[in-house]
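Pasting the structures in now, so scroll down.
In what comes next, chain A is part of two complexes: it sits with chain B in the first one and with chain C in the second one.
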Partner chain A sequence: MEKIISIKDLNYTYPDAKHPAINNLSLDIYKNEWVSIVGKNGSGKSTLTKLIDGLIEAESGTIAIDGQIINEDNIWEARTKIGIVFQNPDHQFVGATVEDDVAFGLENQGIPRDKMVTEVDEALKLVKMSDFKKRDPQSLSGGQKQRVAIAGVLATKPQIIIMDESTSMLDPDGRRTVLNLVQQLRQEQDLTIISITHDIEETELSQRIVVINDGKIVQDGKPVEIYDLGSNLRKFGLEEPFTNKLISTLGDKLKLPEGYLNEEELKQQLWKLHSIM
Partner chain B sequence: MEITFDHVTHSYNPNSPTANLGLDDVSFTIKDKLFTAIVGQTGSGKSTLVRHINALLKPTSGNIKVGERVITSETNNKNLKPLRKQVGMVFQFPENQLFEDTVEKDIMFGPMNFGASEEEARESAHKMIKMVGLDETYLTQSPFDLSGGQMRRVAIAGVLASDPETIILDEPTAGLDPVGRKEIMELFKGLQEEGKTIILITHNMDDVADYADEMAVIHRGKLITEGLPKEVFNNQDLLKEDLLTLPKSAAFAKELSKKGFQFDKLPITIDELGIEIKQQLNGD
Partner chain C sequence: MDKIILGRYLPGDSLIYRLDPRGKFLLTFYFVGIVFLANNVASYAFLLAFVLFAVYLSKINLGFFIKGLKPVFWLILFTVVLQLLFTPSSHPIWHWGIFTLSKEGMVIAGYIFMRFILIIFISTLLTLTTTPIEISDSIESILKPLKKVRFPVTQVALMLSIALRFVPLLVDETTKIMDAQRARGVDFGEGGIIKRIKSFVPILIPLFVSSFSIAYDLAIAMESRGYKDGEGRSKYRVLSWSKRDNLMVIFMAAVTIILLFLRSY
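The block that comes next holds the complex of A and B.
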């Protein structure tokens, strides 16, 4: 598998802070992967995102994006490969209409107008928001706003999309729509997705979960492996998955298989137990 | 303090072509010393509703009774201090409201604004910082050096420091990690047990199921229903029309009921669900 991001021995301490925010961290992310980066408030996960996007500069260590180690001279080129969708959709809008807004990122890259119009239309089509292109972004629901924000990111044709808690302010329906859309785009557009999240369910769609605590990677594995940590997840600010909590209230009397079960699997097991009564 | 909405309508930009009803003829009572959750989609009018309780917004018609006080369209902006001392409001992203150079001064601002002496306010700051799960060493720090979760706690401490009888929370845990969220929710539940009235706006139906005594559902400015969470979450009409999403446990029970399992009423918490499953599987 081809590495799209390769981080080696990274260190960063905020001015006047007593402890490093990122502490000798190394991490490889592969092309077309969906990696969830999780950890409690203050664990360093947002700092890591800022370092990857070159918004702040590491004290030591390197970050390679698409094979190139980023430095002051090539950071702008590296940044064109990354799109970020932020937490609060209301903080990301600049345009008076949805299409203006999506065009904004392209204007910044100096794309000619006729080409821009096609690309904005394409991006809105990908997020299924074409019908809304003349609307004021402020009149949209939270989920729709985040879809427009994703279109703005897609229009610039990035290889990597970072979702920085982008679904945390959405209601459950909005969240589901956005996550399914991201999954579909990852597959169709060969994108790499990094999602920074607290939401254990959001991580179910990813292929890998990286747990960060005190600026270090403390766990790195497939979702099922991470969910098997059970109540230890709480040490990292995370909630146990719903099915784990339900299974622990059921006690030992019921014969359920060992290890993590997702909702579908647990439902099937309970139906089986019900049918043999 | 009991709070009663009596035919409250709120129109944004009345008499203009863009007039729209933020609230449309809302009547209901929020009971004293209970934990009431207000739910509804983004833009449904939940925040508009609660902003009437401390007269940040005034009704276009109808009135709101907050204890002895009555708020109408005529209510004057003078003399609102006693009301605002009684009704504390924690907004979404309350950390945006921090402004002093130390945490202590920030927490002291509220009580002093409501007439407490410096000494009383300081005493209150020391008590509240511990109540929100931080220690006293934070008091001398700048609020802007804290993490998002810590800033949130400081902002909540600032509201609690004025000792309001009623506390309104507008999605107070958005963006907090799950462990932090649980701590903050337990804090509010604890305050209720000490005799405060809690009003919580939230999208998180599990929090409604776990903490609220009563709930109200708002849709397009109208009060659709109110009552015990267990009853409201079992209201088939609301679910059919997608006006409400279920807590995880109720959604899972609904799935289970497609084969074999039967629930008279959908359980809404994990503990209730666990008990029902055990009973149905081995008669425990």
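The block that comes next holds the complex of A and C.
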């Protein structure tokens, strides 16, 4: 598999902070992968995003995007390969209308207007927001705003999309739509997705989970392996997945298999028990 | 806050809505200028007829324009009364101390009143039919020549449009902060004027803090989307000058000629 992001021995400390936010961190992310980076507040996960996009400068270490080590000269080129969807939908809307906002990234690249019009339309179609083209952002729901933010990012045709807690301010419905949309886009557009979250439940669709604590990677594995850590997840300030908690509560009374089960598998097991009874 | 009509956009569609915002913007200013040329009943009546005709073309209810007068009602009243009582005259109808009421005073007060009406109606017509973003685009387009003297026109226009975009968000933020203060027992509607003003300080400080944090988030988001310094950007929104805009300019020229004629009549 081809590496799209390669981070080596990265260090970063905020001005006036005692402890480093990123502590000698190395990480490889492969093409078309969906990686979830999880950690509690202050673990360094959002700092990592900003470092990857060159929004802040690392003290030491290197970051290579698509094979090229980023520096001051090529950062703008690297940024065109990365799109970030941030946490608060209201704080990233630049345009006065939906279409204006989607066009913002294209305007920055100096794309001619005729081309912009078709690309804005295409991007809005991908996130199923074409009907809202002329609307002003204030009239949209949180989930719709994030879909527009995704369209704004897609319009510039990036290879990597970073979701920086982008679903944390959404209701369950909005969150599900956004996550499913991202999954679909990853497959159709051959995108690499990095989702950053403190909520373990949001990592279900990803293929790999990286747990960060105190600026270091403490776990890296397939979701099932991470969920299997069970109560050990609490050491990193994370909640256990819902089904884990349910199984450990039921475990005293019922005989359930060891290891992580997703909701569907757990349901199957419970039905099995029901039919034995 | 909902009651202020002056400066607000009203979604709709009519000839006036479809005119190029640059033309509307400049001609509104032009009209405000020529209002001061009117000097007799005929010329004021003619300008009023023109404004009412423009209002008719906009298909907006005249009521909106009358409501637009509300915030400046006291200012109009004050100015008119001032003119009415302090215009010096050799044939006063009524005289008491420094106050004089005369025919000339009444005429001048009437003219002043008409000026207010004309100016407020025409500027309300501009803002009701033009979105803030169209106005900011027009300003950008009109100021473009200043680029030659290195004035950052595009940056200023972007700042203006972002500021406009964040007004509703900051209004929300203010409501939130006020609710939070109310929940802790602050009463904004009580006490004398000094006390009321004082109670707004605890709103302004959190509002400033949150504006800065929004600005920081927005700057990061803009940078991540490739915004550098405003140079080499293309524009998605375009303004197009069409035949009807030419017609409007010609019409306005005709209005000026008739006005000049009526003036010396």
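Here is the rule we use: the second predicted complex is superposed on the first by the 275 of 277 C-alpha atoms of A that agree within 3 Å, B and C clash if a C-alpha of one lies under 4 Å from a C-alpha of the other, contacts with A are read in each partner's own complex, and residues count from 1 in each chain.
The definition used in the following text is that contacts are C-beta pairs under 8 Å (C-beta built on N, C-alpha and C of every residue); 3 or more make two chains touch, one makes a residue touch a chain.
Note that this is a predicted model, so its numbers are computed, not measured.
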Fit or clash between chain C and chain B when superposed on chain A: clash
Contacts of A:Leu185 with chain B and chain C, given as first, second, both or neither: neither
Partner chain in contact with A:Ser275 - chain B first, chain C second, else both or neither: first
Contacts of A:Pro112 with chain B and chain C, given as first, second, both or neither: second
Touched partner set for A:Phe104, first chain B, second chain C, both or neither: second
Which superposed partner A:Lys50 touches (first chain B, second chain C, both, neither): second
Chain B versus chain C as contact partner of A:Glu239, first or second or both or neither: first
Partner chain in contact with A:Ile194 - chain B first, chain C second, else both or neither: neither
Partner chain in contact with A:Gly251 - chain B first, chain C second, else both or neither: first
Clash with chain B (superposed arrangement) - responsible stretch of chain C out of 26-34, 44-52, 152-160 or 188-196: 188-196
Intersection of chain A interface sets (partners chain B, chain C): none
Residue ranges of chain A touching chain C (in the complex, touch as defined): 50, 53, 55, 76, 79-80, 82-84, 86, 88, 90-97, 99-100, 103-113, 116-117, 120, 137-138, 152-153, 156
Chain A-facing residues of chain B, complex: 41-43, 145, 147-150, 174-180, 182, 203, 205, 242, 245, 248-249, 252, 255-256, 259-261, 270-271, 273-275, 277-278, 280-282, 284
Touch list for chain A against partner chain B, complex: 16, 39-42, 87, 141-142, 165, 168-174, 198, 200, 234, 237-239, 242, 245-246, 249-251, 253-254, 263, 267, 270-271, 273-275, 277
Contacting residues of chain C [partner chain A, same complex]: 131-133, 161-162, 164-165, 168-169, 214, 217-218, 220-228, 232-238
